[in-house]
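Presented sequentially are two complexes of chain A, the first with chain B as partner and the second with chain C.
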Partner chain A sequence: MMKIVVDRARCTGIGICEAIAPTVFEVDDDGGLVLLSQLVPHGVAAEVAEAVEGCPTLALRLEP
Partner chain B sequence: MDLNPPIHLPDFFIGEPAPVYRELRKNSPVHWTDANGGFWGITRYEDIKWIASRPHLFSSARGVLMPGPNIDTDEVRPMLITTDPPRHQAMRRIISKGFTPRHINAMEPGIREIVRGALDRAEPGVELDYAEGIVAPIPTRIIADLLGAPHQDWEQFRAWSDASVGSADPDITLTSREALGILTTYFQNLIDLRDEVRTNDLISILMDAEVDGERLSHDEVMAFLHLLLVAGNETTRNLISMGTLTLIDHPDQLQKLIDDRSLIPSAVEEMLRFISPVTHMTRWATEDVPLRDKVIKKDQPVVLLYGAANRDEAIFGDDAEEFDITRRPNPHLAFGTGQHACLGLSLARLEARVFFEELLARFTRIELAGEVLRMRSTMVPGIRRMHVRLGAATTRTAR
Partner chain C sequence: MIAVSAEEIRCLVAVGASLAGVRAVEAARKAGFEGRVTLIGAEPHPPYDRPPLSKEFLRPDHAPEPVVLHGRAELVEDFEAEVLLGAPATGLDLDARTVRAGDADVPYDALVIATGAAARELPGTGHLSGVHVLRDLDDAKAIRLALDDGARTVVIGAGFIGSEVASAARRRGLDATVVEARPTPLVRAIGPDLGSALAGLHERNGATLICGRPVTGLEGTGAVERVHLADGTMVEADLVVVGVGAVPCTDWLAGSGLELDDGVVCDEFLQTSAPGVYAAGDVARWNNPQFDRMMRVEHWSNAAEQGVRAARNAISPTTAAEPYTTVPYFWSDWYGSRIQFVGLAARDQHEVVSGDLAGDHFVALYRECDKLTGALTLNGRRHIMKYRRLIAQGATFEEALAFSRTVAARPRSRGPQ
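And now, the complex of A and B:
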């Protein structure tokens, strides 16, 4: 199962990932990205992949 | 092909840029033009992504507008959009918490009310200036509300915002410098009011914000406010007006959307891709950078042509130049990319979605009723006037 990794130095907390996969990503009130799941949950792999691919600051990646 | 397409002129952008973009992507993807002191035009998707994600090689600090006669690159205001890392990241975090999907989604009822109010002005079968009369007031009201400007100032706001970006347009009598001056005075009044009592709008957030333990400078707060106003206004307005025009030009797609309104979010993405309301952003090379068969020299401007990238066959396939409201995936660069990607993208998407939901719930015949008058701008070449007749569905006969 793939693990989601956030590069905090790159993330600007804009929440594009949250818009694509809200069950996995959430930007809190301070603009910090919260992972609601460390691993890619079953059933939303495509959304998570799209969120990783779609991050404009390249702050997200998947690791085995 | 014309080896020197006038990619520095408003007329190029309000004309038919797509064939030129296609030629450039194919034959000169890293294209030098001598106009306006000289700059590089970048047209391939992959190259734009590469440049935009390397702010240390390609700086925003000397301005993001393409070089032009009215553009002063020696005196760039310290805006978020013209700030490089590491300060950019810290400044962006201050404001991005106001623009997360959750915060933006909470605005939906208010936005729907503003949209409904605007559409109330349209009567079935009666010709009206759709761009100016219905669409234009909507984003201004939303962004002015977000900033904390009183409602009675909304229309003034729009005029100043227009003037501050559309200086090439002969209809606008204020110069952009004059408009900026007026806006500065206006914002100063709002700030003075909040010196006494803080409210919970963006102006108050900015006044209290700290970067590295220091408050933002007065100029930074001012520039922030101006940026948010301009960025949130013209762009969304043009997305909606030009999106409507694109639907009128593609009756099969319009019908598909009328028949299945759940396609609206996907149609909005396709409008963003197809129209690319913001034509470009510029970066300045901080050192010599080889790219494809060219070398971008230190201190040369590099213009990222988003409209060209958004038609790139290598990404969007053989039908890249078709308008297809069901396109998926649709990884367009209409909001830019990299750390300067549009902060307001969730808001823009929401405004456009709510607008088309409300429009198509009321009207299913949308017809042009006259010429379309474009805005003469190289960056946001939108629509100033577009007369349209809207009609309800009841009289539509089977196709």
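And now, the complex of A and C:
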């Protein structure tokens, strides 16, 4: 299963990822990104991949 | 629509080397397009990101370096693109299927127009130094230099970009005045009541906001010294930033036969009135199936996503074409506060469901008839995207209100792990 990695130095909490895959990503009140799951859950792999690509600051990546 | 089979598409051209154009190039390669790809851009710089220009770029504690989207080498090597920078396109021949750039006619089978928008200038101010719009890197450099010199700053137009400049000036402890011709700011973007709520941020952070008094002239010998307002008031200024909106860059398409109407007119697939020609980003006016209306959106995420969609549709129009449907989204940073907006600012009615309009946090929902159509938050980062989804799902306003009560009741999510 792929692991989701967030580059905290790059993430600005704009939340595009949450809009695409809300079961995995959530921005908190301080703009920090909360991973609701560290691993890509079954059934939402396509959404997560889209969120990774959609991140404006290239703060997300998937690792095996 | 004239069907073009995928085999026939051998060259893709993107005009406009910024967010939408770059995303188009990337998306074509990621989709496995093996033909020729050409990116044509008017600016000499490698493609860079615009939102930071009015934010981090103006901060004294940040190096004034642009955030580059892709360097030229990356575009050439990783994306195997031919890159023409500093080469504005000057014409489009729909019959010959070529784009004119410099002395060359660049042939295309599929074309993505991504020439964006240009900042509207104030007529009759070209002779004075110290007067700038803020759209590109050179504008941002000039504004930063003036702030470094301690300029007394006047922003004309209380829009988002101008407001960000005012907050950059205040952060440095400089005098900042925002002058808006209309009685309330941001009416078109977010409606009158909420426009005033955001405008309150200026005053609370020591900037002066003057509304309902149009600028009648700028005065100075060589450099700007004073801004004159309709009621005779004068405001001293060393730096004037004009933030009165942007116009789509379609001059180069005049006479091409392409349908234009405040932008390049597109269907829901981002296809223009000509076969093989698509548009994306700030320049595109398309039929958004989400709201079943024509719209042109000047927001970052829209340009990024449309660039991708337009390229995919352009390279496989018969096999992989999909409509582009979206709930518009933008953010803006003023005085350390984040403003976020999703959807449409219906004039009908809004309701504040968290915080209050006079404070440093609120969530306001907009309705049109019984539907939820938009949401505006000030420092409500954990709320905004949830409403974007509800709008996309076609939620009613009542459903959104019920949802807001569950969000309010929920404990705060944990911070970064």
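Keep this in mind: the second predicted complex is superposed on the first by the 64 of 64 C-alpha atoms of A that agree within 3 Å, B and C clash if a C-alpha of one lies under 4 Å from a C-alpha of the other, contacts with A are read in each partner's own complex, and residues count from 1 in each chain.
Operating definition for what follows: a contact is a pair of C-beta atoms (placed from the backbone, for glycine too) under 8 Å apart; a residue touches a chain by one contact, two chains touch by 3 or more.
In this text, all values refer to a predicted model and were calculated from it rather than measured experimentally.
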{"item": "First, second, both or neither for A:Arg8, with chain B first and chain C second", "value": "second"}
{"item": "First, second, both or neither for A:Gly31, with chain B first and chain C second", "value": "both"}
{"item": "First, second, both or neither for A:Glu63, with chain B first and chain C second", "value": "neither"}
{"item": "Where chain A meets both chain C and chain B, residue numbers", "value": "13-16, 18-19, 22, 26-27, 29-31, 54, 56"}
{"item": "Residue ranges of chain A in contact with chain C within the complex", "value": "6, 8, 13-16, 18-19, 22, 26-35, 54, 56"}
{"item": "Contacting residues of chain A [partner chain B, same complex]", "value": "9-10, 12-16, 18-19, 22, 26-27, 29-31, 50, 53-54, 56-58"}
{"item": "Of all residues in chain C, those that touch chain A in their complex", "value": "49, 300-301, 304-305, 329, 331, 338, 340, 379-382, 384-386, 388-389, 412-417"}
{"item": "Complex contacts: residues of chain B adjacent to chain A", "value": "53, 89, 92-94, 96-97, 99-102, 329, 331, 335-339, 341, 343, 345-346, 349"}
